[in-house]
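Chain naming follows the written order as A, B, C and D, and within any one chain the residues start at number 1.
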């Protein structure tokens, strides 16, 4: 399953990634599983995605929770709670 | 007791008075008594001040009710409910 | 605090900008602009004339701002109200409130409008197809004002 | 409905005036202008950089206006939000709502701001004397948004 990933704000800065294309293993089918999958990349990934920091996710520009299902071709984004306005 | 009187909006238009100086009899000491005193001037005065029309009053630029006491030198005004904004 | 009653039009952008820049810790300016509608009580309106009670008007508007300032943590407030003859789409009134944060500024601005509508001595006469008529005070305006006294806690 | 995300400044007076004149039966335009404060969490702020999620930002702002339109009897709404580097007293955001009457326009405008603050993908990084830092989301913003769902009836 191929997806496009985006990171914003503190996540982008710390992970040093703003976007990447990924081909996910068959069992990575939800946001929570995607976080766990990325966390395996190492310390800073685990800290950022599975640590104390609140992380919000979007699929195809829509806010979703950890249980949301990911489909092939989706645009997935991870970012901290928003602070606009 | 000398007062200055003002009328606004529909009252001014119907009574054909915008302002007048009055020397009140000794017993005309409240807004209600002043209304009754003015109503004695004739039909349109009675209709306007003691009739069905809601009349609001101010003494020295402050909204007051019928029981408010009038003092020598006061500026008294009668007008319909306000409709600004 | 600024209160102006005038026949001339006003520049909303300029006024909001002045209020905004007055302090560098201003975070929010909430404003209300009232416009003459071409429609009232189902009739089309071609003209509106606003009369007021000079002296009392300025006093009551200042008192309303004073009340808003004592109730909410706002920095400053401005009211400009036009009088004289106006036409549909003309601006009638501007209320603007500045503060550190939006919640207080929103409440204070709406409070000022609700009190202005029921306490400030302005009267409107409108011209419709069937002639001139005085605009009647609305019960909905009294109700809007009452909210601030009776259910104050739930509004805040 | 207008949604714009831009680095350039905006002209509040022009935008409000456009919205106001769109319909001759417009009676009220309520607006909110947000400004960069020189102070946050007790520290003086010299600069602010706003990042956003292009595409999702526009979508979420449009959805927020759509929700406001479905809940209140308003005519139209506008959101302009700046991104990039800003300084104290710079304008950040404009929300303006037009309608026949003020009550609905006030509610819709505040609703849009409360949702924008908690749902639109913008992030602020500020420069203080002690360096750069990401601005933390505020619980008061979450609480402000919650009002529209949990105590909806008492707010209206």
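Assume a contact is a pair of C-beta atoms (placed from the backbone, for glycine too) under 8 Å apart; a residue touches a chain by one contact, two chains touch by 3 or more.
According to UniProt, the chain labels map to these proteins: A, B = Molybdopterin synthase sulfur carrier subunit; C, D = Molybdopterin synthase catalytic subunit.
Bear in mind the structure is a predicted one, so any value in this text is a computation, not a measurement.
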{"item": "Most distant chain from chain D by Cα centroid", "value": "B"}
{"item": "Length of the line joining the C-alpha centres of chain C and chain D, rounded to whole Å", "value": "22"}
{"item": "Separation of chain A from chain C, taking each centre as the mean of its C-alpha atoms, in whole Å", "value": "48"}
{"item": "Distance from the mean Cα position of chain D to that of chain A, given in whole angstrom", "value": "26"}
{"item": "Chain A and chain B, separation of their C-alpha mean positions in angstrom", "value": "73"}
{"item": "Contacts with two or more other chains, residues of chain C listed in rising order", "value": "34, 102, 113"}
{"item": "Multi-chain contact residues (two or more partners), chain A", "value": "85"}
{"item": "Touching pairs - complete list by chain label", "value": "A-D, B-C, C-D"}
{"item": "Chain C-facing residues of chain D, complex", "value": "11-14, 16-17, 20-21, 24-35, 37-39, 88-89, 91, 100, 102-103, 105-106, 109-110, 113, 140, 144, 151, 154-155"}
{"item": "Interface residues, chain C side, partner chain B - complex", "value": "34, 50-53, 55-56, 59-60, 81, 92-93, 113, 116-125, 134-138"}
{"item": "Contacting residues of chain A [partner chain D, same complex]", "value": "6, 8-10, 54, 58, 61-63, 77, 79-85"}
